[in-house]
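Going by the order they are written in, the chains are A, B and C; count residues from 1 in each one.
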Amino acid sequence: MATLELQNIEKHFDAVQVIQPLDLSVVHGEFVVFVGPSGCGKSTLLRMIAGLESVSSGTIRIDGKDVTNLPPVDRNVAMVFQNYALYPHMTVEENIDFGLRIAGMPKAQRREKVMEAARILKLEAYLARKPKALSGGQRQRVAIGRAIVKKPKLFLFDEPLSNLDAELRFQTRLEIAKLHQDLDATMIFVTHDQVEAMTLADRIVVLRDGRIEQIGTPMQIYDDPANMFVAGFIGSPKMNFLDANITAVSADRAWVKIPTLAPGDYECRTIRSRPTVGTEIIVGVRSEHIDESGSVPGVPAQISILERLGSVSYAYVETSHGARLSIERRVQRGDQVGNIIHLQLMPERIFAFAKTGERL
Amino acid sequence: MIRTDPRPALLARLLLGLMVLVSLAPLLLVVINAFKSHADIVENPLSLPHSLAWMNFKAAWTGGNFSVGVVNSVLLTGTTVLVTVAFGALAAFPLARRRIVIWKLVTLYFLCSVTVPIQLFLFPMYFLYARLGLIGNVFATALIIAAINLPLSIMLLRTYILTIPTELDDAAFIDGASPWQTFRYVILPLMKPGCVTVAVIVSLNTWNEFLITSTFQQGDAGFTMTLGYHAMAGAMSPDLGIMMAGACIVIVPIIAFFLFLQRLFIDGMTAGAVKG
Amino acid sequence: MILVPALLTVMLAFTDWDGVSMPVWLGLENFRDLLNDITFWRAIFNNVKWTIIFLTVPMAIALVVASLLLTRRRSQSVYQSIFLLPYILSPIANASIWSNMIFDQRSGVLGYFSRHLLPLHDPLGHVSTALYTVASVDIWHFWGYLAVVFFAAMRQVPTEQLEAAYLEGAGGWQIFRHITLPNILPTIALMFVMVTIFSFLTFDYVFLMTGGGPAHSTELLSTLAYGFAFRSFEVGKATAVALFMSVFGLMAAYAYVWMSRESLQQ
């Protein structure tokens, strides 16, 4: 299948810049997820790759061929829409068959391909039904079937799971992952749900306001966020952010003072540059990286809200100096609202960000 | 639902009943008197007929030349509907899918053409048609009536197309369909209910049409049912019984058509008017 | 590729306008003649009267009946169909029924009454009553349409608003005035404009029942134009009259567009 290459792609509608100039490379067989908040441009970018939106400047290459000005049918791509976009007046078979029919393929050949796609997606029993007689999950499979049957170089998914209920979303997610393995296909998947991004992607592209904030594998994004936005976007509950300032810097670490936590200094081992002492920064630490302090005296904090989910609980605490944090508690403890617990932060898990958001 | 208290309800019933009476009374009169002889009617127009005598109807049928009239009415209406729906759908599709600027201009144009009285171009058109020898040609007249009905039809059809999600257009585009193929295989089948509604409204307007038909369909052979009745009414006013029978003949098809397709009629009539 | 069918249609609609370039244009002489013609002013006056009548009587009746229909859940569609019957019948049939069957002095119902009960004069024959009589027939024909439209609009008022008002203790009339009416205002506005436009174009009933008489008491701009075009063959004058008709209509249409400019943004 394909490599996809976006070079200096940008898009504006009249005066509004929707996609800032960006580059992207996707390797054959990769599952890439575009993720970001509403309005970040992820769908627009996908539609540009599909050929549904024009490109203001830049080039798109699929398998080395310049497709920037070609219509979708000549790009050999297929798309699965959020609302499935099945033709309501056609049967499942006719829906899957439509693109091939337009291409002029003879009936016998079409039938063969449709049956093959139906087999892969276990749709044989539904071929004569119309979309309104199908469940949400089945409709989604028909939409995928319509995509598969064309044997495209690139599969594009535009928030396909957003319309499904939680249970179905989970199942379909697994099915898509399996499909990716079975077909060895190159897939680009758009979602606003960071859980979908983390679970499905080989690589994640985090977008905001038309700009790529970071590209990396899920674990890279999680362990090593490029800036405050990415750090806060991935991971649930959202990362805790506190005001702080740099008190000391050395070759591979820095010490920060977090006024709202406790008088003492905290060691930060994730530092990547050499910030100046005294700089005001923002410190970030995930709720799963705040521990109950053992021997070392920790910061006292009072539980104000407690959410129990069974295997894990989330405690929302407040320190005497005014810091508000969310903390993940894995082991069942006698937590109650009002209890005081003592906290400690893991140094290799504290991130330092400039006030403007860049990672330090 | 909200409960209403009984006293106003009685008043409401009375008022509604009154309106029903007002609406139906004249029609009942027609039916009753169609079966009476003229003398009987003069004596007492409100009395019920002695017997169901069909002679008035027979006289009316020939007098109003309705055998020709029916054919012409049907041809006229059918052609008009076909032309209106076909061109209306074709026009409504790009108007529904393209940018707004064009639509604003088009709306303005349509609005103007609705407010302009038919008289403005009636005479010149007549002249033109006379030169071309199209007077009395049912199909040619149909074109005129179609043109008049097009603005409303296009607006209705466009509104209908707007309810079809653009995602379907996208999917078809990705499937490789040209705009014409998208229209033919995807949009048109989904527009059927809208087309039916338009067809119903246009049929009604055309069947009942008077001004244009009377101007362009001159000559007995070209008369529609409405014109046939009109001519007869002029000639036979002395005999009221026959006239009422004639009126019955003209009215019955419409009423039957209407009762059969009520839902569609009402939907069509309210579609453009109600914001929703 | 997409433009071709659209253009074809527009061109077909263009045949509406085909006539404008053709009529004889004697400069402003036609207009001057008209303005000096008393019948012309009579006609305008009649048209205005007609419009006022139509903007009040059928609208009020329709509003009242429509709101009454809201409470008759099961028989709603029956009522609707009955009320629509006069509207769907051809003007010829209706006009004939009323002129001959009802109003006729010799054989009609009115004649019957005046012979046996109290003498009533022919409403169509008298200058003072003719216009109102014809208007009444057209009202009989038209109000059903308004009722159905208003009824549909009223049903679209979100039930939550109605329920919220009801919970706050509002009675039937108050709910109507404060919730229903504001919600259907766009529809009422549209009907206002439509009625105005059609009032200036109205032709069929007047032509069929009185032909503009007696003594021009029912003469409307449309019948006037028709007369000029087909009786005295003064096409130029006919066109001039028609232009006046459109002016009034366009004013109303413009008012409507101005009022609903937001909703045209879609």
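Observations on the structure shown:
The criterion applied here is as follows: contacts are C-beta pairs under 8 Å (C-beta built on N, C-alpha and C of every residue); 3 or more make two chains touch, one makes a residue touch a chain.
Values in this document were obtained by computation on a predicted structure and should not be read as measured data.
For the pair chain B and chain C, there is no chain touching both partners. Put simply, the chain nearest the middle, going by average C-alpha positions, is B. Seen from the Cα centre of chain B, the chain whose own Cα centre is farthest off is A.
Averaged C-alpha coordinates give centres for chain B and chain C that are 16 Å from one another. Distance from the chain A centre to the chain C centre is 60 Å, each centre being the mean of its Cα atoms. Our note on geometry: chain A versus chain B, Cα centroid distance of 57 Å, whole angstroms.
Those residues of chain A lying in contact with chain B across their complex are 50-52, 71-73, 77-79, 81-83, 85-89, 98-99, 102-103, 146. Against chain B, in their complex, chain C makes its touches with residues 1-3, 5-6, 8-10, 12-13, 15-20, 22-23, 61, 64-65, 68-69, 71-73, 77, 79-86, 88-94, 96-98, 100-102, 104, 106-109, 111-112, 140, 144-145, 148-149, 152-153, 156, 162-163, 166, 172, 175, 186-187, 190-191, 194, 197, 200-201, 203-204, 208, 221-222, 225-226, 229-230, 235, 238-239, 241-243, 245-246, 249-250, 252-253, 257, 263-266.
Chain B contributes residues 1-2, 4, 8-9, 12, 15-16, 19-20, 22-24, 26-27, 29-30, 33, 38, 41-42, 44-46, 87-88, 90-91, 93-95, 98, 100, 104, 107-109, 111-125, 127-128, 143-144, 146-148, 150-151, 154, 162, 178-180, 204, 207-208, 210-211, 215, 226, 229-230, 233, 237, 240, 243-244, 247, 250-251, 254-255, 258-259, 262, 265-266, 269-270, 273-276 to its touches with chain C in the complex.
Those residues of chain B lying in contact with chain A across their complex are 165, 167-168, 170-177, 181, 185-186, 189-190.
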